[in-house]
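Chains: A, B, C and D, in written order; residue numbering restarts at 1 for each.
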């Protein structure tokens, strides 16, 4: 019986408000370990094992995700890191800085965080969940803002690998407070135990937005805070865009409502104090190709002649941040 | 082990394209028989057993649901029928005529049928499903239009009782071709076996309209026809009304899209030849209180000063019929 | 969705005391159809389809299993039958006679029936189960003795094929009353619905004889009759032989108790009127190699110098028939 | 969501060879916490909470189960302990000594240990399982003999309560290495992870002794040791007593084989080096009524005129200890 990678997290759970998750989580993750992993995942884990055995002491998670400074690693370490970490491309969510090595990702996820962070209830001491967490960038920032335990879920196996490649370099005391689980929200029991639930960039991929919002709410304890970021369109409470096969080249986009509609939906589900705290059109500087993500990016997904439209003719991506509280 | 009421239907299934339903249906219905029935249901079954033992020979299902004529029953039979059938009030979907006795229901469901029927593929020889069939009125009309086997699902136990009270009077050869099962669509496996699937007056009660439409499609065989009737609002492909707690006094109303949006959703789900064949504002003559349904009805749910609005201020009920084919 | 071979049996169940079996049986058999069949099974089914399309009118199930007489088939039919039926070798349980063609099986199962039959409650009108029925020989004899419906279970796929090859030649009215299901007893719900349950030659293959006896009893309705035939050893109520890896060359032999122990076990399980009606040492004439079973047989499994012992030195096979009634 | 009593044990599992048990154990125990507990259990837990808050420093588990000495508790503590611990009567397995207070149990389980212990592979560093562990007496002795982690299973809720009442007084570092789970063996996955599995006084209560032995073996890692203690009768490899409704007044006694039969069964199941290390008739001094167990005991279950027989006329209880190794 192979030892699970998640034993440490299970031990951590027993000391948290999430201990009841043990009733289903180890079975779900065992199934993933036995059947859910694709061939590349094992290769990525071997790549992680080749990374230099360094533990950073100089760590900044408050203003960025900077783990280690250049002087904590040798030139040789830097070269190996650079080469090995490129094997996890495309790097989408970031940026990260590892011992002075910048990982310049497709997204300036720090800009998103800057739009979200000022509006949050103080994260200090909170247990938080990030649904659709990608490589885990925002989870690091949540720890930086004082969260006690940050859990992210995302079925993407490259994301899990990127996350582990980075976590490898932090001290155990910090690593114990952050975990990325390769699960979808539909695999989670109704824990009703998190203080804050984030879900950023997920809702428009769901075929049933109401069910998805309810699933997010089901993870919150009473009084907890939901932080929803998603694509929106201009319009009133009755406006919902359901695009065709693709939106900005993305398949599987279903519901893009107006902010007003989203607020109404959350109220209909019993949430309180629902407010739109930000609305921004995504700029070509925020999402773009880089050395670490060389595929097409936003500039390619917009109409070359009219940057206010996608190549399919829909309104260009605009995102809202909505915060609400559970009774 | 009590004998199931559905044994006859199971035998019928073995001679149909639905035989594979036996893999799950008897277990689901046994569970319903053991745990799902409420106290009134048993009382209603006893009432049915008290109805006169008559079998109609003069039956018209083509222009109405007329089972038996007055001369086929005695005065005493008529009096008993009238008294016993009133115990199944409120009668919502109809009207029925039993041995000359008119059951004047809240809804003129025949009017709805008249809007739907001209647009259907010929029902002769077809196996059809009616999702949310109510008392079964339209199933009788489907048989009248030549369907070989009509199956309805509706969890409402009063509906099951009304249906059985009426079916009791038809000859066995006819009764064998029609059944109402006390199930919700989510309890059905993906049968992919019906020629035509009807769902009239259900979609707006579903929290996930896309999932619901997919469930309906999953029941169709390749080339089969979906007949969707639901509430719509005026507007373009982006218009969707999600009302507050109540719409026309109904709780649990979620999505009321425009016809254009519905057409788009069905196309997005891969349906072909999607067309709106009817749109009508529901009139006060089509839905109203009667001797057999003495509760409030549409007139009470509309703004007394402005019949174009519900009491909540939403647009008054308007219904569309949309037909589409599965690849 | 392929049509199940068992649809006819499901229809038959709806008209029997076994209708509640529909709650689990079609799902179990679908699983078998999709995953349980090995490659040879499909080949055997094709072989069956090549058999002459004959339906016997002259059938004797009372004194033998004789289906059709020689004059009902042509010479060509006889030749084809002989050639095709040999493809189902080894034929172990019989003998059968098909249109004059004798199938001389390893076992004279008719001799066993002659030992059992005189002691049975009248089978006329009874619904009977044969657990471990092999090719179904005894089920035919049960019908011959008046049983209304004979059901056999045996996971052996060659047995199912042999059974179907024979049933093919009887009229539908008869075929409808006999079925062989490719199941083990542990896959049956507690039907509590059979009048008589036979299990002959099975118990010694079970790792838990008490659980097995209870499973047999669970199939009986109140007052029903259990007919148990199994290997026994001489000895008192405390004597039980558990052989080593093999007994008479058979692997998977676990418990061979004395008849006295068996009687006690059945009484301990609440059975009434438990009686040993026969005990016989199996003769070399009853179990032997034939033209239709050319492998080794009993003569090879006994000590050549001392026919009272198996090659392993255990007592040679002795069989008891025990009958008991359920309260 | 109430916190589970077993969170500490779950954390301990993550640091053991049993971590994969987390895939099923928390769900099983949650079910027990929600549905399996009877009313008295909650009362017993409240009683435990009333016990003095003492932690023993002077502990002897090598020659007895002595936790604390008299001087570590006040007279008042002694009086409270005596009164509260009597509420867990009948105390069957022991004896225990708590801060000088002797709990004189029905059984001298220490005598049994003295018969078993000399024959065991060195327990130091081993992870051990005790199937049917009663109050946990022998688990303490296993720790005393050097076991690293001792896990017991027994569905008896009084046993769980007695165990917790005693464990309360040992330091956390010790308490972390011993746990009693309210489960039956059939609720355990095949862990294949224990170094030694004990099962003493259980086999004769099982309806299927072969399945039970296999379940015990399934818990052992390769090379692990099975320690089986059970009732036996005199006789050869073919001798098995299956008593009637009661044996020595106990209901649910099924198989009492000879030691020779047991050895053969274990070999048949693939165990190696199977040896009978002890056989003893249970004396009236080893099992008797005491101040802490005032019900009838062995003297009442034997024939008053012939102590070599039970009141039912069977041979008086004789017990064998058999040890075997897994390949």
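Here is the rule we go by: a contact is a pair of C-beta atoms (placed from the backbone, for glycine too) under 8 Å apart; a residue touches a chain by one contact, two chains touch by 3 or more.
Chain by chain, the UniProt names read as follows: A, B, C, D = tRNA U34 carboxymethyltransferase.
Since we're looking at a predicted model, the values are computed, not measured.
Asker: Supply the minimal count of touching-chain steps required to go from chain A to chain C.
Answerer: Minimal hop count between chain A and chain C: 2.
Asker: If you apply the touch rule, which chains end up adjacent to both chain A and chain B?
Answerer: none
Asker: Tell me the rotation angle, 0 to 180 degrees, that brings the C-alpha atoms of chain C onto chain D, to the nearest 5.
Answerer: 180
Asker: Copies chain B, chain C: same or different interface, half of numbers shared as the threshold?
Answerer: Result for this pair: same.
Asker: How big is the gap, in whole Å, between where the Cα atoms of chain C centre and where those of chain D centre?
Answerer: Centre-to-centre distance between chain C and chain D: 45 Å.
Asker: Once you find the CA centre of chain B and the CA centre of chain D, what distance in Å lies between them?
Answerer: Distance between chain centres: 62 Å.
Asker: Round to the nearest whole Å and give the separation of the Cα centres of chain A and chain D.
Answerer: Each chain reduced to its C-alpha mean, chain A and chain D end up 49 Å apart.
Asker: Which positions of chain B touch chain C when the two form their complex?
Answerer: Listed in rising order, the residues of chain B that touch chain C are 1, 3-4, 7-8, 10-11, 14-15, 19-20, 22-24, 26-27, 30, 192-193.
Asker: Which of the residues in chain B end up touching chain A in this complex?
Answerer: Residues in contact with chain A: 207-208, 210-211, 214, 233, 235, 237-242, 244-245, 254, 261, 264-265, 268.
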